[in-house]
Amino acid sequence: MDWPSFFQSLANGILIAGLYAAVTLGLTLVLGVMGIVNFAHGELVMLGAYSTFWLFSLLGIDPMLSIAMSGLILFLIGLPIYRFTIRPILKDPPLNQLLLTLGISIFLQNLAMILWKTDSRSVITSYSGMSLHLGVVHIGLTRLITFLIALILTASLVSFLYKARPGKAMRAVSENNTASWLIGINVQKTYLLAFGVASGLAGAAGALVSMIMYTFPMVGFKLSLKAFCILILGGLGNIPGALFGSLILGLTESFVGTYVPEGSGWAEGISFILIMIVLIIKPTGLAGTRRE
Amino acid sequence: MSRSFSWKTGILLVAVAIFLILYPKLVDSYFLHLTVATFLAMIMASSWDILARTGQVSVGQAGLFGIGAYTAALLYQRLHLPPVLGMLAGATLAMIVAIFLGYLTLRLRGIYFAITTIAFAEALSVIWLMTPGVTGGAMGVSTPPLFNGNREHAYYLILIVLALVIFVVWLIESSRLNFAFTAIRENEEVANVMGINPTRYKVLAFMISAFFTGFAGGFYSHYNTYIIPYEVFGLGISIACLVMPIFGGLYTIAGPIIGTILIKAIEEYLRVTFSYGHQIAYGLILVVVVLFMPEGLLGLWKRRILPFFSGFRQ
Amino acid sequence: MVFGNDGNIRTLLVIEREHQPTMENIFLLQARELIKHFGGLAAVQNVSFEIRRGEIVSLIGPNGAGKTTIFNLISGVHGPDSGEILLDNENLVGRRPFEVCQKGIGRTFQIMQPFPHMTVLENVMTSGLFGRVPKISMRQAEEETMELCQLVGLGDKQKAFPRNLTVADQKRIEIARALAVKPKLLLLDEVMSGLTPTETGEAIRLVRRLREDGTTIFLIEHVMKVVMGISDRVIVLHHGEKIAEGTCAEVANDPKVIEAYLGEHIEELEEASC
């Protein structure tokens, strides 16, 4: 048993799981609070990645710093998207919501293609190639930082939901929005804020993505599918489930990448295969639906 | 509720038929090509609509399209199977795959079904890329020009298949299948309690839809002479399949047809302007349709425009 | 069997079945020791009952007693955790809802669920086209549906869409849909609630006519006057268990029933006459 490879795969899996969790946080928040599966979430991440890239290329701002800026930019973009496209369809059948968010997704993908062409961009900093050595395991510096920031984002979101008033309002609304409205919570504003925060999280995740992966118009689509896989694995609309699902996906991809011949190519397909297997066995996802 | 033909409809159909038969003589090569592409899209749009009638909203038709495309292309490459037979083989294989997929996804509601179909198409794409020995991988597969480049013959072939698809939809609409499909779509549980076997009809719709989508893929591979996984299994195909019928008006015969014509026109205009990203129109149209005209163009016509002409009848 | 255009209801509702039961059983429906849990909750606990051919039996009980669950078990929407359900000696457990329907059970839903994008006529035709064994032609289904709509009082509303109709009319659609399968057993789930006194009277007359023409009827009801007025027998459910069964008089005076309904319908129990 080649322990060094095993531990390396384990480490890589955990690290990438952090990124996936960061990507899925916003999707989980929107699903949990307003019950909508936002098919365009991946594109918001993509926009965050591009925003970090351009801030870096044009203004020389280090990606670490621009995480917050990309987050803010996407927060601001998310607000009008909610107001003008999501709010009107809150009560619509889920299929309408699917088609609408799918439309936004396609629109943004193609907008990115038109504005920035289809070339893949990379964010290369002075420290991009560095790695730490923990015993036999190499840990890329950017990956480690990304993982840590993902943890920070998750912790921040959780603390926001439990300690801050708007956050508590979101939790109340996700449980029962009639009761929440009755006790004086402004449900519409809560929804608006939740979507904004989710977009901001997407933007921040996008900054992380730009550091680890290539940035190109379709990167959002690829990440969306992974995020759906995580939702289905971990339970829809709850954060511990998202973390759990991210871990499963990250580890599976990593181990397949190491141990299966030509695994790095096949690893790309893991999320699809997991989606199909899980849904076919249990049509409501592994942990069932939290809200119907 | 039996559908019967009036004299007027009959004469109109004959006129349209004559026009379509003479069409290749009337237009230049560029427009003929455009028409072939449009007819191909109509087949895919109508096929998607057939499936949607049972409430199964697929965002992964590209999976079936790609299976059809590669079956035809690879069978030609390996066995020199004549193109039309290859297309039929592709259609049949796509149909068989759909039977399996249909049974496996029976219990999936709306969004989960959609996500599974996306995963299906993407999974096929990965499999194709990872098995270059069998499938040609990222390099793709080429075939010689269809009918030695005779676009007229290609036109007539696709016209026949399109006519067949429209006929099939008409058959569905005038038979009890229409009741079954609509009932399942509107309330599957109640339909079940009323004696409708959802499995049978959902899988049937999937099979019919897959057959024609697979055929379209097969036709595309020969007509285009070159296919790669990224394209034929790509999201773009899946989106195109659904935007056209949704834009035109779902669950109708004319809706997918009209939607396709308009979208193809818009697309052709945009394609000249932008080399990539012309599908931006698709996204915009989807958003606009859901927000402002959920019944598509036909719905808009019936509800807003027609009443002006007929004095607000019920 | 003749389906006449003579307007005679008896001819209309003669039951046409592919095979006749070999032994004429007086019990049309037999339920034995049905148990059903949802999550940790016991919705139905060890319920047994029988329904004779031609009876009108009511199923009553406070809210949440498990009545609709029983209907769901009979019609195949859910499978019982254990227990048997026999229709004409044929086992229904494990059959899917459409099979149960084709065996001869028609049901309505408590929350009315007509198909929104179909007209009244189309709604009812759907049942006729698929619930009947052997299958009938489209033309026959259309004719039968038109007659059924007349029967239930929707004659002039056949081309209307359900969303434009009153509550009472939507209930009529539900009943007509259930009747279109020519059921041996008709399950009516709270069809009387929300009706005016006139409409209730019409509904009662309709139920009696259906029974006269050979349909066995099992109904869930809250409106005690109706229950006591038309039922041959009453079954009382409480917390998923059968606590009483018998004629209206027996049930109305049963202390267990009175206790279960304490504060709810006790005035109605006292008022109702059998």
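Just so it is clear, A, B and C label the chains in written order, and each chain counts residues from 1 on its own.
Rule of thumb we're sticking to: contacts are C-beta pairs under 8 Å (C-beta built on N, C-alpha and C of every residue); 3 or more make two chains touch, one makes a residue touch a chain.
Quantities reported herein were computed from a predicted structural model and do not represent experimental measurements.
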Report the chain closest to the protein's overall CA mean, measuring from each chain's own CA mean. B
Farthest chain from subunit B, going by the mean of C-alpha atoms per chain? C
Whole-Å gap between the CA centroids of subunit A and subunit B: 32
Distance-wise, how many Å sit between the C-alpha centres of subunit B and subunit C, to the nearest whole number? 43
Euclidean distance of C-alpha centroids - subunit A vs subunit C, Å: 50
Can you list the residues on subunit A that touch subunit B in the complex? 37, 85, 88-89, 92-96, 98-100, 102-114, 117-118, 221, 225, 228-229, 232, 262, 265-266, 268-269, 271-273, 275-276, 279-280, 283-285
Of all residues in subunit B, those that touch subunit A in their complex: 57, 59, 104-105, 107-112, 114-116, 118-120, 122-123, 126-127, 129-130, 235, 239, 242, 246, 274, 276-280, 282-287, 289-291, 294
Complex contact set, residues of subunit B against subunit C: 1-2, 175-176, 179-180, 182-183, 186-187, 189-198
Which of the residues in subunit C come into contact with subunit B in the complex? 75-77, 96-98, 100-102, 107, 109, 113, 115-118, 121-122, 125-127, 129-132, 138-139, 142, 177, 181
